[in-house]
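Across the two complexes that follow, subunit A remains constant while its partner is subunit B and subsequently subunit C.
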Partner chain A sequence: MTASTIMPEARSASAALRRNFWRGVWRVMKRKPSRMVGVVIMAGFAFMGIFGPMLYPERLPRDTNALYAAPSWAHPFGTDFEGTDVLALVVTGARYVLLTGLVTAVITVVLGAGIGLFAGFRRGRWDTVLMRITDMKLTIPGLPLLLVLSTIWKFTSAIEMGLVLGLLGWGGVARAVRSQTLSLRERGFVEAARGLGLSTPHIIGRELLPSMAPYIAMNMLIAVTGAVYAQVGLFFLGVLPFEANNWGVMLNLAVFGGGALTTTAALPYLLAPLLAILLLTLGIVLVVDAMDEIFNPRLREE
Partner chain B sequence: MKRVAAVVSLLSLAAVTATACSSTSKGGSSASGGGVFTTIDGFKPGLDVNGPINPWNPKGNMFQGYNAMKLGWVKNTLTDPNQFYPGIAATWEIAPDNSSVTLHLQPNNKWSDGKPVTAEDVKLSIALAYTQGSTAFSTAPGAAGAASDVEIVDDHTVKITQDMSNPSVTFVRGVMDSFVVPAHIWKDAIPANFWDTLKASRGEGAEADKARAEITALSDKVLAFAPAKDVSSGPYTLERMNPGEALLVKNKNFYNAANVGPDQVKLLNYTGNEQIWNYLISGKLDNAPFTAVPADVMKRIGQTPGNAVVKGFSPVSVAMAFNQSKKPYDNVHVRRGLAYLINRDEVTKIASPEGGTPALTTTGIHQKPAEAWLGSELSQLEPYKLDVAKAEKEFKEAGLKKTGGKWTLPDGKPWKFTINVPAPFSDWVSAAKAVTSQLNEAGVSAEVLTSADYPLYLSELAAGKYDVGFWLVALGPAPYNIYQRLYGASNGWSILGGKIKHSAPGKDGNWMGSPETINVEGVGKVNPGELTGKLNTAPESEQKAIISQLAKAANQDLPVIQLWDYVNTQFINTSRFTGFPENDSEALRLTSGVWLQLGMIKKK
Partner chain C sequence: MTLIGVPGRSGGIAVVRRLAGHLARGLVMILVVTTISFLIIRNIPGDPMAAKYEKLVEQGMSPEAAQQAVNVLYGFMPTGSMWEQYLDYMKGLARLDLGQSLTVPGTGVGTVLMSAAKWTLIPVLAGTLLSFLVGIILGVYAAIKRQGKLGDLLAISGSLLHGVPQYVLALLLGAIFTTLIPILPAGGTADIMFEPGFNAGYIGSLIQHATLPVVTYALASYGGWILAMKSSVVTVLGDDFILAAELRGMKRSIIFRYIARNAILPLFTILALSLGMLFGGAIFIERIFNYPGLGLMLIDSITGRDYALMGGAFLLITVAIIIANIAADLLYTVIDPRVRSGGEAA
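Right, the complex of A and B next:
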């Protein structure tokens, strides 16, 4: 046999594998319709984040004769203190919230997984140093630090906000990935790879990482929800710059300006961003549930 | 979540104690009085159980009008700063040239421990006031309206003389607005030789500086002074406290005790407006001082049986102030253009529908006293009604350019109009947002920035960090106090040794940075800071003319754009008590403790 005859076969084999994978995904999704709902919700939020602001004029129209208007066909979630449509605020505000979540998730996962893998695989001194740093990081309380930071830094862009939240959030992931690595590195296939004389980057990148990919991906999604809660919380407390369509600012104004917890007029104004956060969380939880089964063959009931 | 749980448990605790107290008090009520009067103290958001019983301490558990007494209670009338309700002083004589005030104390007044209230108590309280610094009792050299001598004429008469080298028309007000505490309890708070030290501090040179430093050093000691129990000369004494409320009981020794209605007063704890709304909706409060309330909550409060609203004058207006060291706000045409673009009616409707009336125009004065001070001249001032064409004209005159529907700076660079407000003031945040929406619609790219809290906001504002910020103005009734908000220390003018000194923008707290002189149409060249300084000493007959000039200067030069004038909207509940002040009563500007001690409130 020559090399030229092997290659096409290998390619077709990997293509078949990929086909099987997507077929598996489809099966998993079909088994529980709730998972489909999760995907639809996530797709909806992605659409809102990317195209949402394009659906509305740059400056949202106001109707000062309809302050805190009740829900109607024109304003499904009523209007805010200025007479602006609440739904429009939620839709246009999604981009900041989601982008922050995404940036946070990427940073959390890249830093957390990188440090965890390296520490777990190398062990010894590197492990000790990196894990002590992680321990120290984990002892810093996130919210009080953010409150202090917000007095000197105005987090005007979603990327800045995400960066800070990401840098505050990688500790847990690093710890979990390290323990997974410690367990995997003792397995036979890693031993075999070492015996074959494969390089450390190869072992980490090609052997260890794929086994942990689903776990990391799930962590990434969960980090998105964490980031959304953290930043909405900060905006709710009123310590961050004012942006009328920010979900946290909306919650703050509904409660403290509109009296949404006291009377009903501002209630839709309060519920709309809350519902958005709830749906986003639900979507992520359902997708994580699906991912769990896709990547963990033992959970498959075939 | 934890915070919410804590608040809920506090509220329930308050409810439990509330029922307990009302059941015990019913038995002891007499025919004319009795009952528990429930309210909140607007000066004390967040009761501190561990706070000292000390009126000067911000966390102290002395409540103005209830167990904390002043010499007199300032009425804050439209134009006269020297009108008072009697407090510790029953009557007072003001020298015709305002050089002294002679106080005659209530003849039959006793502390709650039975000792009489005497001139010695007043003198010691004045000594304590010096350590804290106040307008009348200041050790700062050259401070206007400071007392120079405190003389005990007899047991119930004290004469306080003003330092006439630098007099102020608000001297008497400064004296009367002072707390009085019992000398037999407080005598150890300051050293016995205090008055000698004070005398030494009046001179110049190293000795005087040392004496002043000694007095300033006493400040913290006085603030921390904590008597073991409340010995009050007010209508009530503090009986007990928990995190939810303070309970005060009637002081039988109070001079007017026979006319004081309720047997007990309960002051409920609150940390935010929404808590006060809930108290009002449940009908718990017999009175709540001014609280910002959204329209729908107002409606809901009105549905509770017995609840009613009384409205009166409040010498406060809110304005948008410019930092003229920043471009393009140094240009008067830019400020005028902005004034033409802001629809004040709409801003007030959105931000403060129940607690404000849109400013008629910018004068620096609340519209009610403005009518009294300016008369027909008020209508001759430019009203700055919404007028896009006029705004465009002004902007063009300032050299601004309009490209692609957006205004840019004269050099073509983008112009971003940023308004700063403190985040906890929800009415200011809504107002700032409404202003930016209006400006954005007119092609001025505008945004709101919030600061975490009010003290931080004020410090950043004073440091010149903001372009434009919200600023309280018109803090009357003394005309000097009104105009020093526009042309006082924050705009570079301070009174030192009886002379007006102007500091350059960015120095000595001058963040507004107005020019030192303004050419006012129909008046000529004026120095607004000097005119304001003159208000401190000028007799009433001359004040009118000065105020007219200053109102014209402010109206033409717009160091601020006045947005709305506050209306003192208070809540009362008439189902348990009667005799509340009516609309526009002067008593509305004082706590309900003062209403109680004057004998207005009676049990139903």
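Right, the complex of A and C next:
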């Protein structure tokens, strides 16, 4: 488990492996410049999420003389109904959106991978029961359920929102991990581990999980995207009270408060968060594409 | 690749067993969904049922009469244990009695929902059909030309549209066609200046108002179709019978038909997912284009605290998706001779 148990030769070998891995990553990145763009976009959003709110004062300045101002040098995306800079709103709103995505991703992956591994490894009755539940979760449409749920629980904080989305969203990962487990457990190396008399937790944790990690990581990124869409959508629909500033609240106020779909004045206010969502999607899609090739050697050799 | 079919009789039994299994699972799902719906309505903060009951008693109604009045509204008695309420609610649902709407007083929730359902069903189906046709044709093309620029472009357009959430599509389309180039109406089903009925003005206005919702539905599902069709065609292209057809020197158009027919089959399973996704997406699209379907009704009932209507709309949307799933799976069994074990295909 710990580094001290690894022999020196093994350590240098694993270091060499790691170096090779990073060299492979670099090669994959270089092949398609679009992947670099993806990484840059993701890094930019991470920066926005962590440092964005620090760049601006606690209460964003309002320019009451410039309500719904047109884009200019001072306000690249114009201002909103109170005269607040739209760009500042997008930047400070990113933290909520990304934090929720992160919480959702962690819950989705832990629950999904745990349930999928357990069901696939145990098989038998547990598998049947867990997969029935998973199927059920996958069939019940998420959005109507979230809307109805919002009447009894106002899950507005980023952590609560992430929790709800994560608890509703692990079905897909569980299903995928289970089918991977079912195929991996028949492979030679698992057979060998079992022949050596290694314990089940060891086989699952040290043999199965590492070979599935890239796959799970990709699912995690997809879960982040799903969570971002869902929460922005929920706030856009206006069924949850607006506490923190985030992109969904901006969309809602632009469309239903500013009439962005009938007058051009509020259009930049509407387009800025949309652009942010599209950019984030693009970043995630490009990074997933790169990960696909890094972790799937069959795609790499050409 | 054709499997040897089992003899006809046992094949028939297999289909019946499959059907029974699906129906049983569907019923369990519906039971789960109705239970969720009940628990949520029962646990709404502020207990609207008890509040209504107390208000009626205060207004001078006898407790029994007030009980009955609330029962008519929500489908269960306001006082009474949770189990009694649950049974009442389920009994009401079994009679298709969903309670009464508050926003449209004196009208059953069922009636309100039925009048809204057509505004969801018709645009969703029209959008699905449109994207299905365009998506599979372009999907075949993207698969055949997958080495070229155009094939690449088609696949990328599919991935992008598939990835973007429906409300983003709807908002962008709305921003373009109702704000920047205002050639389409921003909301509603038809202009009020036209008399509803079978006249050219009204129908023209209907089509004009339905354009944006239908196009959004179509664009939202188009990506899925083109990607699925492309990968399906690529698989079929590797099959021996295509090579055999080419070696026999058959016409391109006939080979194209061979490919399309075989590649289209797996897509019917996606049909269910697509319909389900669109029913969910209808909530956004109807809210954005102010289109009075089930999705808008669900939102309006939540913001208007019309909980009987909310429960009804939630149930109708979820049950529709569950049924679409079952139907698509059965459809797949019926149309694919390889899945339908037995019958004339063997």
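By definition in this document, the second predicted complex is superposed on the first by the 292 of 302 C-alpha atoms of A that agree within 3 Å, B and C clash if a C-alpha of one lies under 4 Å from a C-alpha of the other, contacts with A are read in each partner's own complex, and residues count from 1 in each chain.
Convention: a contact is a pair of C-beta atoms (placed from the backbone, for glycine too) under 8 Å apart; a residue touches a chain by one contact, two chains touch by 3 or more.
Model, not experiment: these values are computed from the prediction.
S.K.: Looking at the overlay, what does A:Phe242 touch: subunit B (first), subunit C (second), both, or neither?
M.R.: The first partner, subunit B, only.
S.K.: On the superposed three-chain arrangement, identify whether subunit B or subunit C touches more subunit A residues.
M.R.: Between subunit B and subunit C, the winner on subunit A residue contacts is C.
S.K.: Figure out whether A:Phe47 sits in contact with subunit B (first) or subunit C (second), or with both, or with neither.
M.R.: neither
S.K.: Determine, under the contact definition given at the top, whether A:Leu270 touches first (subunit B), second (subunit C), both, or neither.
M.R.: In the superposition, A:Leu270 contacts subunit C only.
S.K.: So, A:Pro141: does it touch subunit B (first), subunit C (second), both, or neither?
M.R.: Touch status of A:Pro141: second partner only.
S.K.: With both complexes superposed on chain A, which partner does A:Trp26 reach: first (subunit B), second (subunit C), both or neither?
M.R.: neither
S.K.: So, does A:Thr151 touch the first partner subunit B, the second partner subunit C, both, or neither?
M.R.: Both partners, subunit B and subunit C.
S.K.: Go through the superposed model and pick first if A:Leu251 touches only subunit B, second if only subunit C, both, or neither.
M.R.: Once the two structures are laid over each other on A, A:Leu251 reaches subunit C alone.
S.K.: Given the touch rule stated above, what does A:Phe189 touch, subunit B (first), subunit C (second), both, or neither?
M.R.: neither
S.K.: What is the shared patch of subunit A, the residues that subunit B and subunit C both contact?
M.R.: In subunit A, positions 147, 150-151, 238-239, 255, 261-264 sit in both the subunit B and subunit C interfaces.
S.K.: Subunit A touches which residues of subunit B in the complex?
M.R.: Result: residues 272-274, 277-278, 281, 293-297, 299-300, 346, 349-350, 421, 423-424, 426-427, 429-430, 432-434, 437, 440-441, 447-450, 452, 456 of subunit B touch subunit A.
S.K.: Any idea which subunit A residues touch subunit C in the complex?
M.R.: 135-136, 139-145, 147-152, 225, 229, 232-233, 236-239, 251, 255, 260-264, 267, 270-271, 274, 277-278, 281, 285
S.K.: For a test of understanding, state which residues of subunit A touch subunit B in their complex under the given definition.
M.R.: 59, 62, 64, 67-68, 81-82, 147, 150-151, 154, 238-242, 244, 252-253, 255-259, 261-266
S.K.: Under the definition above, what is the set of subunit C residues touching subunit A in their complex?
M.R.: Spelled out, the residues of subunit C in touch with subunit A are 25, 28-29, 32-33, 36-37, 40, 43-45, 159-160, 163-165, 167-168, 171-172, 174-175, 178-180, 186-187, 276, 279-281, 283-284, 287-288, 298-299, 302-303, 307, 310-311, 313-314, 317-318, 321-322, 325.
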